[in-house]
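In order of appearance the chains are A, B, C and D, and numbering begins at 1 in each one.
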Amino acid sequence: MSKLSLGVDIAGIKMKNPIMTASGTFGYGLEYSQLIDIKKFGAIVAKTITLEPRIGNPQPRIVEVAGGMLNSIGLQNPGAKVFIEEKLPKLKGYRVPIIANISGSKEAEFVKLADLLKDIGLSGLEINISCPNVERAGLFAQDANLTYQLVKKVRKVTGLPLIVKLTPNVTDITLIARAAEDAGADAVSLINTLIGMSIDVQTKKPKLANVIGGLSGPAVKPVALRMVYEASKKVSIPVIGMGGIMTSDDAIEFLLAGASAVAIGTANFVNPNTCSEIIDGIKKYMEDNRFNKISDITGKLK
Amino acid sequence: MRTKNFSVKKEIIENTKVSSDCYRMTFESKEIAGQARPGQFLHIRCTESYDPLLRRPISVYSIENNIIEILYKVIGRGTGLLSKKTSGDTIDVLGPLGSGFDYQLVSNCQLPILVGGGIGIAPLYFLAQRLVEQCSNVTVLIGADTKRSILCIDELEKLDCKVKVSTDDGSFGLHGTVVDLLRKELNSKLKVFVCGPVPMLKQVNQLVSKYNVSSQVSLERQMACGVGACMGCAIKTQKLKLKRQNSKGKTQNYKRVCKDGPVFDIKEIVWEEM
Amino acid sequence: MSKLSLGVDIAGIKMKNPIMTASGTFGYGLEYSQLIDIKKFGAIVAKTITLEPRIGNPQPRIVEVAGGMLNSIGLQNPGAKVFIEEKLPKLKGYRVPIIANISGSKEAEFVKLADLLKDIGLSGLEINISCPNVERAGLFAQDANLTYQLVKKVRKVTGLPLIVKLTPNVTDITLIARAAEDAGADAVSLINTLIGMSIDVQTKKPKLANVIGGLSGPAVKPVALRMVYEASKKVSIPVIGMGGIMTSDDAIEFLLAGASAVAIGTANFVNPNTCSEIIDGIKKYMEDNRFNKISDITGKLK
Amino acid sequence: MRTKNFSVKKEIIENTKVSSDCYRMTFESKEIAGQARPGQFLHIRCTESYDPLLRRPISVYSIENNIIEILYKVIGRGTGLLSKKTSGDTIDVLGPLGSGFDYQLVSNCQLPILVGGGIGIAPLYFLAQRLVEQCSNVTVLIGADTKRSILCIDELEKLDCKVKVSTDDGSFGLHGTVVDLLRKELNSKLKVFVCGPVPMLKQVNQLVSKYNVSSQVSLERQMACGVGACMGCAIKTQKLKLKRQNSKGKTQNYKRVCKDGPVFDIKEIVWEEM
């Protein structure tokens, strides 16, 4: 009998299992440290950082909707300097691959950030070109050409495994995923949040101060799964699937659809043990199905 | 002053209606009881279903012999589902979370006064429980809309607190608001602890700022994670002049209600934005 | 005191209230006739018909997901002839404006159908250029240019109020809505379903025989609302809002966001009285807010 | 043979566990009782929440004095939530829906035989209730996995039905399946009514088609509307040779389980596609 392993190698990032945290839902890993054993994770994706600190959007920033939530945090973050000097050293203490996630409003910011982050012991770099909560019109990831240009430039400055995080708010996700691949991305993450809105009929105002926000949670899962399925058939780099994963069965759906790893976001808020339970659940599924490795599941949809 | 926190599933001992729309629930948790401080809260999953999805923050109301008690008002679906639970059902709780009241500072020359509007009394009872252990002159001001909805007078009196009540309709105690009660008590030796709806908090702020009375306020905010990870609950705060300036950059202007709060110095809050 | 009226005029269709049925969720109006008083409705939008009868997709065709459902009915319908000869005469009995909904895979089919349906006593014609369950790649409504061309051609043959039903599976809904308006549409309906997927981890097969399907129900509401908000700011023709409306508050959210009328789909399955309850709820809301007409709500988001 | 249907909210009289995973629920509804025919079903909303969202189809198990009874097995979340309801809770029901069994045709020379696999017995008990009113030779074959999960023997015997049981593990009755029981009974005078899991139905089909025995089968299918509007439950059927050809075009090949069924002539079903 051969040995069961949950290990995966995503674009050179060696993970002991395919479970990652989704950026922005796990802070810089410290907040959950009392509640859960972070060492169990495959990788930690830190919250998006920008070159300069950002104060984010006004309140209210979150609102619950059926099967999910809308957020308009607005990339509140302490900036690259604080991340590098204060957050990262603590994160490294977990001995889990750490993936930084960066964003910006101009190509040059991404490039500068990627450059700053290249030799500081990160396992990978995710570029968030799909956050709906900053400037509305014109996410990079809504345009294949912009995506290509941006990824190409970031690629030049970093030797880190480069993950490009895509938005579901597009007509054809495969075009954007292909553009990222063509420009040299090592993996794509999908999905970021769907753009949504909610209104308080009593006050007649949007429930989010920012009017629109990003939808996440179980409500988006069918869309996310479909996009992972579509994209993974069209690119040869690994796809990291996310969007509404709450249980190990959800995670396995993404793997079957073509994901090589999955990230857990909103579920952390509902049940901080989600990641750990999913790891156990996948292991059991593999035993039940006599699978030895994650690649026995990935893309094995019948 | 960080406390440890836990994720536990416990059997409900009791869940009883105490007024037209308020319930008290008890369960046993050594872990939480060992750590919880007044002003901290529990983040409670009200249903296994994904609708409603998020947990609901509820203060610790009382702790005695490892029995945790909460007092909550049925507002919407989350608290509605909570109220349907019966003894023997399981409750899924994270906690204790947040900072809690800074009540250890109370010295002999300070008069602690607790000001609760409506269900805002919930975190204050636990505070009273702890305050009476160190001083004998704890005053509690309770504001309610009408006589029937006044909560915990008896319990507070049992703790030997001085309790004063106001009702909006005058059906009990002072005909007015809890802010009117506070106005009468004001003096510079007071140490005020407030919890209630935002309009009330704003009035308290105006009042105490005039007299420069030390005041801590417990805030509510829509929460997702409850542990400081998502930034969903972050509010704008102003640096306190008293404390040493903090050099960590602009984001220090935002604080997380769930982790840096829910209790804040009343002067920290940018009240115009609340 | 002036009189409260829920009446609306959508592109010349006079409705006594802004509540319509969403195509495909109400059959041809007959199935629900015992359960509810169909005469109360503002308008009935019939299930999509095609030129020839269609047998639709294989089973399973529906699957429940968090806060919604996926369907891949595949436009099963008895064809134009049966609709005209058998269904329409019965529908007319309700004395409610009847809007036919048509689809096809080629422009010519739409044109021919529009022509067939023009003088048979319909109150309006909705063209479904956004059904995700037929041919996958290339919904007309995913391309502004195709939308423009098609609407232009249909416009030429019909004098009926012409409603164009759009898909949410696009990068920018405003471009498509504008294309429809420019080509002569009298109104746009949005949203049709979001494309989604669900997998059975035990059998490792998609839960829908057709692999992908359309997501509807409360889960899509935030996305639908945002699109109605965006589109209604960019077009001057009325927007008919739909997607996850379950309660009168939901309907009012759509009106506030900019819809002139709303359609109820999946909610009919959950509670057949939804439409009726929503009509009553809107009336109460108007009374509480001292509104006299629906246009006091439409687009009045603060 | 269309019946009227209703949308009603009723108080649950009783909801009791009858086996390890089956429950019986009763409520009163004059409307439904006045209309329901064996084989028809109710479409039940299991929760007010939007997750799970859709109703669940459950057969009418019995009707006596306007009391509607259902017998259901806890499968997933919908039926799980149903099982949590207690007497006094409200249940939201559409029905009676669907076509029902065509049992009026049973003449003296026909021997009605009811074949239920597992929870498939649910619609057959109601059928038995009605059949015994017109004939005295009703046979019911019950298949279960094991003794503990056999349902309603006593009730059926009380109706004076001839009851035979099979269990997969041989712990009661015939060691085998309900199809094995049927095989022994087969003769051309039988009129078969079947309900159960698809593999069992397929076996029954093979059996009865050999002998050309008149058989009606009650099917299950995922449903959304339950009233024939959404086409979600439509299945491929073949035209019966016996009946006059229908000229309405291709879609006549698809029938809706909820409206045209759930009961079909066994020959109508395209079994390879089930």
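The criterion applied here is as follows: a contact is a pair of C-beta atoms (placed from the backbone, for glycine too) under 8 Å apart; a residue touches a chain by one contact, two chains touch by 3 or more.
Being a predicted model, the structure only gives us computed values, none of them experimental.
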> Higher C-beta contact count, A-B or A-D?
Replying inline: A-B
>> Please tell me the distance, in whole Å, between the geometric centres of chain A and chain B computed from their C-alpha atoms.
In response: 35
> What is the distance, in whole Å, between the centres of chain A and chain C, each centre taken as the mean of its C-alpha atoms?
Replying inline: 34
> Could you state the distance in Å from the CA-based centre of chain A to that of chain D?
Replying inline: 47
> Any idea how many Å lie between the Cα centroids of chain B and chain D?
Replying inline: 55
> Mind pulling the chain B residues that touch 2 or more other chains?
Replying inline: 50-52
> Going by the touch rule set out above, which residues of chain C reach two or more other chains?
Replying inline: 66-68, 217-219
>> Edges wherever two chains touch, nodes for the chains themselves; is that graph a line, a ring, a star, complete, or other here?
In response: complete
>> Taking the touch rule as given, give the residues of chain D at its contact with chain A in the complex, in rising order.
In response: 50-51
> Hey, which residues of chain A end up touching chain D in the complex?
Replying inline: 66-67, 218
>> Which residues of chain C touch chain D once you look at their complex with the stated criterion?
In response: 24-27, 31-32, 34-36, 47, 53-56, 58-64, 66-69, 71, 73, 76-79, 81-82, 217-219, 246, 266, 268-273
> What residues on chain B touch chain D, complex-wise?
Replying inline: 47, 49-52, 77
> What residues on chain B touch chain A, complex-wise?
Replying inline: 4-7, 45, 50-55, 92, 94, 221-236, 248-251, 253-254, 259, 273
